[in-house]
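Chains here go by letter, A, B, C, D, E, F, G, H, I, J, K and L, matching the order in which they are written, and residues are numbered from 1 within each.
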Amino acid sequence: MTVVKSMLSEGALRVTGTALQETLVDLLGLSLVGKQAHWNIVGPRFRSVHLQLDEVVATARAHSDTVAERAAALGVSPDGRPETVAAAFSLPAAKDGWLRDDEVVDLMVRTLEAAAGRLRERIAATAEPDPVTQDLLISITADLEKQRWMFAAENS
Amino acid sequence: MTVVKSMLSEGALRVTGTALQETLVDLLGLSLVGKQAHWNIVGPRFRSVHLQLDEVVATARAHSDTVAERAAALGVSPDGRPETVAAAFSLPAAKDGWLRDDEVVDLMVRTLEAAAGRLRERIAATAEPDPVTQDLLISITADLEKQRWMFAAENS
Amino acid sequence: MTVVKSMLSEGALRVTGTALQETLVDLLGLSLVGKQAHWNIVGPRFRSVHLQLDEVVATARAHSDTVAERAAALGVSPDGRPETVAAAFSLPAAKDGWLRDDEVVDLMVRTLEAAAGRLRERIAATAEPDPVTQDLLISITADLEKQRWMFAAENS
Amino acid sequence: MTVVKSMLSEGALRVTGTALQETLVDLLGLSLVGKQAHWNIVGPRFRSVHLQLDEVVATARAHSDTVAERAAALGVSPDGRPETVAAAFSLPAAKDGWLRDDEVVDLMVRTLEAAAGRLRERIAATAEPDPVTQDLLISITADLEKQRWMFAAENS
Amino acid sequence: MTVVKSMLSEGALRVTGTALQETLVDLLGLSLVGKQAHWNIVGPRFRSVHLQLDEVVATARAHSDTVAERAAALGVSPDGRPETVAAAFSLPAAKDGWLRDDEVVDLMVRTLEAAAGRLRERIAATAEPDPVTQDLLISITADLEKQRWMFAAENS
Amino acid sequence: MTVVKSMLSEGALRVTGTALQETLVDLLGLSLVGKQAHWNIVGPRFRSVHLQLDEVVATARAHSDTVAERAAALGVSPDGRPETVAAAFSLPAAKDGWLRDDEVVDLMVRTLEAAAGRLRERIAATAEPDPVTQDLLISITADLEKQRWMFAAENS
Amino acid sequence: MTVVKSMLSEGALRVTGTALQETLVDLLGLSLVGKQAHWNIVGPRFRSVHLQLDEVVATARAHSDTVAERAAALGVSPDGRPETVAAAFSLPAAKDGWLRDDEVVDLMVRTLEAAAGRLRERIAATAEPDPVTQDLLISITADLEKQRWMFAAENS
Amino acid sequence: MTVVKSMLSEGALRVTGTALQETLVDLLGLSLVGKQAHWNIVGPRFRSVHLQLDEVVATARAHSDTVAERAAALGVSPDGRPETVAAAFSLPAAKDGWLRDDEVVDLMVRTLEAAAGRLRERIAATAEPDPVTQDLLISITADLEKQRWMFAAENS
Amino acid sequence: MTVVKSMLSEGALRVTGTALQETLVDLLGLSLVGKQAHWNIVGPRFRSVHLQLDEVVATARAHSDTVAERAAALGVSPDGRPETVAAAFSLPAAKDGWLRDDEVVDLMVRTLEAAAGRLRERIAATAEPDPVTQDLLISITADLEKQRWMFAAENS
Amino acid sequence: MTVVKSMLSEGALRVTGTALQETLVDLLGLSLVGKQAHWNIVGPRFRSVHLQLDEVVATARAHSDTVAERAAALGVSPDGRPETVAAAFSLPAAKDGWLRDDEVVDLMVRTLEAAAGRLRERIAATAEPDPVTQDLLISITADLEKQRWMFAAENS
Amino acid sequence: MTVVKSMLSEGALRVTGTALQETLVDLLGLSLVGKQAHWNIVGPRFRSVHLQLDEVVATARAHSDTVAERAAALGVSPDGRPETVAAAFSLPAAKDGWLRDDEVVDLMVRTLEAAAGRLRERIAATAEPDPVTQDLLISITADLEKQRWMFAAENS
Amino acid sequence: MTVVKSMLSEGALRVTGTALQETLVDLLGLSLVGKQAHWNIVGPRFRSVHLQLDEVVATARAHSDTVAERAAALGVSPDGRPETVAAAFSLPAAKDGWLRDDEVVDLMVRTLEAAAGRLRERIAATAEPDPVTQDLLISITADLEKQRWMFAAENS
């Protein structure tokens, strides 16, 4: 079933579709991991980091929506089902149970850094095939790198 | 690591903790499935159901937060990580790829009905051990059963 | 035509459906009587009671919507048509023409007290068959009893 | 008990008072019928029409308040009690039980058309005796005819 | 100095301009008298009437602005200077010093009734020469007659 | 294809439909001309007039929507397509390229005056056939004449 | 009729009451003169000054309310009736008819300067008898002197 | 002086009234203690805990209002006077002078835990005599236990 | 433990600190007494005074926060604990149980008058040692004297 | 008359100016066509598509403003006059009279696809001469392609 | 070029103008230093202090505007240019590069203390020459001393 | 002290860091110069330009924050201290004292043009090393060039 006839050539579509699907998984995974830390964090910085994590989650959720709808707009069915996210998510993730505040801050630095690193590759890859998608990935990178800084500064 | 000393007896805590953890998985899974349908739906009722699904997602997200924080308040670490949700989610779920609008409506009726059925069992189970948790589960059930009715009426 | 398959047993559904339908009539009647008094009140307390009556009407309208949608969610068609309300409404009601402010305050005390009394019976009746409906009826009772107190205090 | 000494002559007052009282009954009846359809509608257009009906109800309620207070301002006690509305309401009305979406759309076209037709007669009748009331009836007619068009377009 | 060339004939302009200038004086006077009562009222209904008077003042100020700008739009310079208002204001007015609440309510009934009576004459006078101005005067009359009713009902 | 059965007689409908369609073209043309001036104005009053023109455009757009929907409500298909507006627009219009601020002010005085003059004829024409449409045209005229005054005062 | 027993000695009360009553007249007069200019201004700076005048009027109205209620709080009946304002107002005022924009700017500089000058005398006079009233007069002076500057800068 | 005739039997009223009065004292005391800590806290977590305490105070104030009005609605005069609160308050309280942040966090854990423990007893006690009051106490408990968790997690 | 090194000399600090601590107790006591009256008032003016009392409470609460934080800013630990308020509160206070509306109005006049009288002494006392604190006390006095007037006018 | 000296070379300016002017015409045309469909649509999806079209119009209007002001910022006079839009508009457009809902959905897919295709060419063309303009065109393309997907999904 | 003729004597103007200009430099410098710390802070309290610094900056910016406009209102040209601020700023300032959170807190205590100390001198100096300016400086001092307390408490 | 490990190579970081630091100085300097003009402007266009300058300042402040935080996110400490801004600021700047409105408009055209010219060079320089930073610089350029146009148009 083809829903939207794509305006991209087949090759351009393959590259762009892959970049969007991978970004979708990263962002949905990030939103779940961020909430996990939001609920399980303990330690003297509880309240401050608890609130900051909700900003990460809000950012991840908003961008995941835009990314998935961009895929659909190009004619590629996005896949954000639980089993897909669990199978494909490869960023640093939370361990089981309560998490100390410094562990959480450290985890977020690493997760956001990995996510941004992967996005930078996709920015390069999509420049040619679809500058509209590239522009969206640039915005997401800017937001995640800003979040990474704030956790890194907190961890210094 | 015990964070919050529970005010419930051990037995009451086990029942209540299980009810909350299972509800958390159901709601997080529902939020992912709802978004999946939101992005992949096609057909003449696209816009109407697309918007309705975002209300389901907003409801599921808001309640998942309350449920997880209730578990933490009782001293039980909530688990909403991608791998946990994928492994434990057992409600009717979305298939791969684009979804016709009547398929989506039918899926939501079945998923919401299953979720509500499981909640009713937990309402009965928690009445004695923790009426505060029971009251929360009652609110969630009211919202999910209202959503179920609206999809069912749409499907008549 | 069955629209929503009920999750309640037949007996539970009969009790719950009756409680909701009777409450719907009480609330719609109350909203009409409250507006009637809002428009026809005269006397030195005109403005104060005129405004207070609009709060009663807003409460009654909001709860009537929730009650009717709860009935639908259980598979019971709610009936709020003019002829049904007129035939079934049995709370103390407004007489024809202008109403003195003390008459209005006295009427509202009696109407709200009768409505709350009937709700307390339905709270008892629905506890077993449907705690979700019971919880809704408890909320309505709290609001109506608060309104009753404010008119009673005004009448002392 | 005369509350407000009218500024109209006796004849003008009789015509204007009748027009306002009849409009009040039409609008209160419309608000109840609109809610009845809002709760009982089923079919593939459920959500779209369910929402549209709440706009009709909001319009009818707002105008009923203005109409009743206009009557009071002229010295005429408005009557919007349940028994009065039931006895005097003569527009096409909802049947018992669930309602299919096309039935609802058709009903609303007929009800709104009848209401607008009756308002046009009252616009003509009040031009001379009270242009202030006429101006109010014109506003109501504009709103109801707009609603009629939207249901009629939906039914084409 | 002619600023705006009027679109009305000379005769129509004279009638309309006079109607607007007289209404401006009535409304500015009413706003000052309303504030005077707002500040000087005493008695058990102080708070209720104190607040109601501010609604009268807000209504009078808003309409005075529209009326003056309508005159300007027709090419007639509006005159709302203190000396003009004082010289031309002829509605029932407040006496010096503190005012008992029943005196205030009675004064407002008489002032608003006189203002509405004069407006009804201007509605008739402007129907032919300028229906745009007439429509504006109708709106003002509706508001002032509603206020008159509320004070009259309070005084019954 | 007849969508909405009109409540007006054939003759009344012809007059009213023509008035509405002509007004629609005037308002859409005005909104385009207003934006053209908004973008191309130069001179020391740039900012002040630039902002004022956006108020004209907002007014024209809002009224064009109401006018077109009123036509539809009467059963007349409104025509606001680019080619129709270009062919039928007959008010004073903007020349090509940058526009000096005094030219813009002068243009707006003339365009608004012409638009209001045409509206006054339609107010007269629709009084009998459809007072609901007439009331709408009166509101538009009031707004455009107010705008005309403000530009004229600016140009004095 | 004494309403509020004053907490000030007789002499302090006389000074303070006079300062407040004179300020009340200045501010009410200023609000009327500001509106007069708002409506009658013509010239290339029409829009800019028209808007600025409404800020003067809003400031004057808000402060007049506080000043009058401060008088009442001290047990002094404030007098803001049309005849009192007209008789006692002594600041530079608007002439009859249309006003050129530079005349308006010049008038506002002079009126505000005179008002501020009189306020400075009252600030000195009330320092001893009532610092609460003095603080209020200081706030008004700050606002009026800011307005004076903006008109003066406009006039340079 | 009996103001509101209670709908509860004498025995039910005694139990419910006591539960509400004790809860009122706990909540008013908590609001005062929370503010005391809000003002006197020092230490590296000053800002974070200072803000969190205001959420506790807002929660306690809002619930105290509902609890007192529920008592009044049942016909029991609530007592929240300073001397009553001081005499009856028995939760862990703040010592004199500045408070270190870890002391504050520890105090809040203990105070909230004690308050929640007492509420759980009242939930059990009111289940039979007044489910409406019980439902209110359940809501308060949920909020206080959530606050307790957040301070406990901060203290880990 | 000295937290904030004061910028005042020792003598100035003693005077200012005492003024702030006494004002804190007055305001916290006033907020509790105001709520007590808000809940226990009965009589025909119930609603009007019930609402007015909440404005007193909101004013008292907001100022108590500012006063306590001003003390802290000067290096003085504020004391607003229940036992301190109960021991030190010396304004006219509410008796036990239900309160008639005229009793409440009379009580508020006396309480606010006493509070304002004490504030006036503190205004004089702090003028020299700390004009910043004096300015704050002046604002509080203005608000309390305004409230006093409104109750006194209601009682006339 | 040169208003803004461009910062681009002559060649770069020609390419960029053309891209902006063509985009302006496309967007203004799209806004008129979108409104035409908004008013003339009939069929069972009336309400849903009627509302969706207003989102298209809002998007087109907002972007047309940005595009025209970008042209002006570069020193190129934008041309959005009715005659220019009618002459230059070349996207698929609406036929005369009422439009069935499926016709409208199909039309919007084709119009938005054509508009996006043309924008992609301009994105390529402006990359070198003016990356600021290119970035703006990318944003517009993202929005129009999202709209295209939603209509296409609706049409599947 | 003299813009605003001052209402102060020459001597009074010199004192007041100097106080305002010095305060302007302090506040602009504080706003730049506060932002510098907002961007460069690192350490476990990063988020909490990062947010608090933005409140300092917002306070400093708002007051700098009021201070500069007060100078202008008195006829004194305020000077807030980069070179002036750099040359005249004499409060404790930020060093180059990243700043540890405790360094930042300490810096803010010292900077705010110095700023408040200088303001207290200006409060004394302006009391006689211009109480309006003095009142403004008192408000600024209250805000800065409150900020100083919050950083000092954080540093304890 | 390295806070954030940069994801860019050393060379890329040097180019990007320089571009961001220079932009930061330009924007902070622009915000100070804009405020200087906002306060010191005189002449007939005072109000219009006074308001427009605050939009420039708001734009410059918002972008300076984003630019500085982008530098931090890349691991480069941003420097916005008064002495740095004064030393490095090289755009056309304001002279001492009052400024005539045409001088101000001319100054803003030149300052904004210089700022935009420098930004265009940085857009080219950062394209390769960091497209995320480039995208941010493009947004700033768009805003500053729009402001430049509005002042240039005002100056024509």
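Going forward, a residue touches a chain if its C-beta (ideal position, glycine included) is under 8 Å from a C-beta of that chain, and two chains touch if they have at least 3 such contacts.
Source: prediction; values computed, not measured.
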## Note on the structure
By label, the chains that touch subunit H as well as subunit I are C, K
### Task
Find out how few touching-chain steps suffice to connect subunit B with subunit G.
3
#### Entry: Winner on C-beta contact pairs when F-L is weighed against D-E
D-E
### Query
What is the size of the turn, to the nearest 5°, that moves the C-alpha atoms of subunit I onto the matching ones in subunit K?
120
### Task
Indicate the whole-number Å distance between the mean C-alpha point of subunit G and the mean C-alpha point of subunit J.
53
## Note on the structure
Between subunit F and subunit G, the Cα-mean centres are separated in Å by 42
### Query
Which parts of subunit H, given as residue numbers and ranges, touch two or more other chains?
1, 3, 42, 45, 48, 69, 72, 98, 135, 153, 156
### Query
According to the definition of touch, which chains form touching pairs?
A-B, A-H, A-J, A-K, A-L, B-C, B-D, B-H, B-J, C-D, C-E, C-H, C-I, D-E, D-F, D-J, E-F, E-G, E-I, F-G, F-J, F-L, G-I, G-K, G-L, H-I, H-K, I-K, J-L, K-L
### Task
Flag every residue of subunit I that touches subunit H in the complex, lowest number first.
1, 3, 28-29, 32-33, 35-36, 39-40, 42, 64-65, 68-69, 71-72, 77-83, 85-87, 89, 93-94, 96-98
### Message
If we count contacts the way the header does, which residues on subunit A are in touch with subunit J in the complex?
### Response
1, 3-5, 7, 69-70, 72-74, 131-132, 135-136
### Summary
The subunit I residues in contact with subunit E across the complex are 45, 48-49, 51-52, 150, 153-156
### Residues of subunit K touching subunit A in the complex
41-48, 50, 98, 100
### Query
Which residues, counting only subunit L, touch subunit J once they are in their complex?
113, 116-117, 120, 123, 127, 134-135, 138-139, 141-142, 145-146, 148-149, 152-153, 156
